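Chain nomenclature is as follows: A, B, C, D and E, assigned in order of appearance, with residue numbering initiated at 1 for each chain independently.
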């Protein structure tokens, strides 16, 4: 067998179907950053290679893609499906295959517990921390958490595992802070939401949390406008906070805000991608206007963390040669992308500082709020917001313990 | 219970129903004229809308130039579908044709995204989707002016197509085709030509639906899903009736909204996904061919 | 496949004396049936005796097929009464009729187009099958024995009707005439007491009609099966039937032996067209 | 090697009503089974086993279930995935709540639960026909998935409604590696396919086909429409339910109700149509086609080194075009093509 | 379009319709026609006879190009109508050129009323309302039963009524050549006579040519000028109708009369083994 010279990453991606817009931006960002790293010689001289496989966001095709990609090029050392269904489908296979998977901003929140899920990395932030941060933000906006008492918050959600994931956190916080949580589900794909928004109008809440995905978001914003609900009241989840969600809503989206774990803006690394790749015709996105869009930047951020993990792992296991899956896992578990490191990469402030450990595969939990001005997203919170982490930690312990019991796993840190 | 709110829900529902009907009309058109249950109608709606905004975005022409261009594209598409898909499948069982249209749906979806990319677009029609001031002030009822226009367009389309079917020789021929392809050919009905025209017309109906839905929800892949909303409308109204599409739309729209608002909270909400189907099913149990559908002849 | 003599398997012990016309087995009284405004049958009464061949004739749209449909429960008459084997019924229900030994063929062939000839004939035996679907799924023991036993019966019918060569052909592909024959086979498979035949010889040439007549007569002879027959070929009707009912516009205009009918002026006017020689 | 049946005389009807009356076919089938049981687990890569063969077998089973309903009994259904979901979630619940329950029994119970649901949703078929029925089966699809997301009991109160399939242990033997899972699935599928074939060649099967081809005539002959149709729904749902359980247990592992969405229903329907409506073999061929085609297209598109989004869209178009192409070439599906091939082979070297 | 009634002047050379050595395969494997050739001269009635499954319907469908919809392929041979090849044309074009077919098994449009069925028959004609009315009247005159049932859906009419409807529908196109597939099937005897009367009528008055596949051999040969006998996908005998009618074999197998005159159906004691012209 020829010696492996590349650092090979498996990308079960999706570029067709209902979620194609998000998929193409995200994977485009990843590939752009990889290309950029390779242009400058790779990670300590190790080139990154990758292979894509179309999953159509479909679990069974995703699993097939994973199985196909994982053995290529001497074995995949990292995988990122950007789909909850696919991620669940491969979750059980990871420890046997010894391939770490990141779930950047989606999937099971309790997977941040590295003792139970050694190969799963919900990097940067999870749904639970996001939900907690949202409430924190709303509290701050009202002038303190105590001001939330008696307020009404409508929770409009994608009626699926994704939309139900934050409910334990929201329920706990509503009890704790005394606000009313009005839960309104939207049946996927959510192309019609008239009745939901009428209900919201009827309830007249102080805030609306929009926990949507895909086409549901634009429809929500449009329907809000049609029903005369100020967009300023609406706060979206980060899967409802991209250009793909606001552009189709047109003017209706002006004033709408959403969570994000990237600060919108310009960064040296993005400039480089622009210059070195797109100007040379090597960019991955077909449409140049999408460079630096939310999904694109999210992809770049994911790739940055991976490359940092490679670097970290190489430092331990030997510079200048690719690491295997187990070593990559170690790298991901010992990430420390602090501000200094971000500056060096040219992405200072683009994402929150990330520091992982065996206990905390998430590494941050910090988010920002951004607002759409009709043309682009602008950050409205200067600092990263972190919600009630004690609460989410408690939930995390409980839930992962239950999983461990069900699966007969003895929680322990991997060596 | 707040009466005003009730009426808002009701009216909102009725108008949503009209939007469903708009898509359902395309189905009825094809079904009534060829016995084909055209699953690609949703894809055609998407294709039409995306082509239209794609032309606007790519070539920077105004909408009123893009629309005629799209019409040409839709006509060509209709002709191509007849030529490539339907002609070789004449006289095949309904289910075969149905499956072919599913294949067609995939093809069209792929084609649309290949031509215009997978990103989402906005589509601004001259009429804005905001509550009508007049109705707000006069009756204190919230109705989007956009919806009112959509309703008018839909009414117009249905009337025109219903007249086509009931008053013309072509209409009669189309119904004959739906009954028996072979016999229709034998009496000299130019099946091929008629189908090409018909699919072109269905393409235009899809364009209208696509523009209205696109302006409402943005032009994106999810437009293909509106077909799912149109199905209960279709079975309730009857596959073969134009007016049925409208009446079915109104019933489905209104009742699904009322159910979501008044029953939904009791059972955890999100019942809009299945409620219309169950409702339509109830109607079907009483009238197995929908409210206005042609009676299915079962005889030996 | 060996060539068998025409009537080996299928009841070789033909006994000419068995063909005795018995008592009335089916009595129809004052049947009226209408569809919306269309009166298909108006106040029709006639009877069918055991073992006889009873023909129903009449112009197109007279109500002949509707009459058969009433007898085996496809249509429910608005008025009237059916007495079958001494039991009074307002109307039949399909399943009960089949169960009590009424089988039939249809004017517009109603075979199961996607199935083979053999399977079609086997469906005729369904009422005689006892094993449940679980046993059939296992295809073991009694279920298997039963299946084979019925298969033997079906093969006898296939031999009898001389359709061995096509037993594995899907019926949809057969020419019209053969389909008619298969349909007769399916009805025979039920070993019926009364066989209702709706234009069994349409679309056949003389030779084939002769075959068909032979089959019908044999069935009637050997098993004493009562036969109710609709046919437009007067040669056939006059030759093989014992008694004939004539319908016209849903009304009965004649009833009697072929010879009576041939010379009945009403019947000549309405249907036959030419006077008896 | 000649494919001839000349010289093979049947001396009994029993021999003639065998599943494979021709000797060569029996040999081929036996060889195939041997390969599947012995050779494949030895030589196939884990990828082939766990990403191709396992889903292929599971989908074949589901397609077989749908084929019983749609192909044999003539009731077009778009709610297959819902029955699969019922099977999976029921099996999960039985296992979670009755510790010590044998896994295979749990699958059977899952299948039975699906059968019950199938009967309930099959009731309208007594009145509604054709596409009206097909469209109404979507009610099943949406309603079942809705129930699974809404009723926490069904997901054992998992907060996000996701279930994690328990380990498969049969008589103390763990089925955790791809080859073991493969053998388990193969066993289940082979047995169920045999049962299906038996049903189809006996009276139940004929009753289904009769109802499919002409329900009025079937009634006149003495079949009970209600019993026949509901039995078809029950058996079909049972098959789908077991397939759904296998899908969760032997393939995906962790599943959300959304995994059993309309998309899946359609994929199963494709398998049936492409493979051959009303053919057991067709269910397998169709499943193979639908599982393998995207893989081939994907690999092929990659070898052309097109930009990925172009490749993905082309893939979709080719998929659609191929469906149409197959329907045009042979509306009765791959199974029929296979049969025509065999018939030609039988006549070979003569053209007719 | 009424052509001159004088048929005598027409040149006997070029046949109006000719089928040359046609071979047809169903479903890629079932060979049904094995080289069938036949001619229909202008203004003549030609009968196509043969047992069940001989391939009569298939021949007619080949001519009217309706075979494609039934997965049949013409693998050899050609069909000419009025001197032009027609095997690649659409059925619609054929009807336009004056060739109509009455299909076997009725094939009425079940959801259309009888009258609508008839009107669709005139689809290819650009006739005025009055002309249509006149044609309708003509059909109703031929088949009074249809007039009574004019407004019921064809799917609910009796078998014979549907058959009349199918024939009437073909007449509505005013064709110059009609392919009739078993027109007498399921029709009461006096109407059968009537139908053949109509055939003769159209033939002599309007010079319409006919190719008719018919099982009722005696009546077919009585009205036809010429006949072909098909067995197993081959033409085994052809000749003037009168010639055929007096042929011993034809008499025995198609007319049911043997030496001693017509035999009663009841007296057929043995199943008859069909004599084949070809082994």
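Everything below uses one rule, namely that contacts are C-beta pairs under 8 Å (C-beta built on N, C-alpha and C of every residue); 3 or more make two chains touch, one makes a residue touch a chain.
Quick caveat: nothing in here was measured; it's all calculated off a predicted structure.
Separation of chain A from chain E in touch steps, taking the shortest path, is 2. Set against the Cα centre of chain D, the chain with the most distant centre is E. Chain centres computed from CA atoms place C at the largest separation from chain B.
Chain D has its Cα centroid nearest to the centroid of all protein Cα atoms in the structure. Chain D and chain E have Cα centroids lying 47 Å from one another. As a whole-number value, the distance joining the C-alpha centres of chain A and chain C reads 73 Å. Rounded to whole angstrom units, the spacing between the C-alpha centres of chain C and chain D is 41.
We define each chain's centre as the mean of its Cα atoms; on that basis chain B and chain E are separated by 44 Å.
Multi-chain contact residues of chain E, defined as those touching 2 or more other chains: 27, 156. Shared contact sites, meaning residues of chain C that touch two or more other chains, fall at 74, 106, 108, 110.
Residues of chain D in contact with two or more other chains: 142, 146, 149, 214, 216-217, 220, 309, 313, 315-316.
Contacting chain pairs (ordered by label): A-B, A-D, B-C, B-D, B-E, C-D, C-E, D-E. Contacts from chain B toward chain D in the complex involve residues 37, 84-85, 88-89, 92-96, 98-100, 102-111, 113-114, 117-118, 228, 231-232, 234-235, 239, 267-268, 270-271, 273-274, 277-278, 280-281, 284-285, 288-290, 296, 298-300.
For chain E in complex with chain C, the residues that touch the partner chain are 26-27, 30, 49-54, 57, 104-106, 145, 149, 152, 156-161, 163-164, 182, 185-193, 215-218, 253-256, 262, 264-266, 268, 270-272, 274.
Those residues of chain A lying in contact with chain D across their complex are 13-16, 20, 24, 27, 51-54, 58-61, 63-68, 70-71, 84-85, 88-89, 91-93, 108, 159-162, 164-165, 167-168, 187-188, 284, 286, 399, 403, 406-408.
Residues 25, 27-29, 31 of chain E are the ones that touch chain D when the two sit in their complex. Here chain C touches chain D in the complex through residues 72-74, 94-95, 97-99, 103-104, 106, 110-115, 119, 122-124, 126-127, 129, 131, 133, 136-139, 143-144, 147-148, 151-152, 155, 186, 190, going by the rule given at the top.
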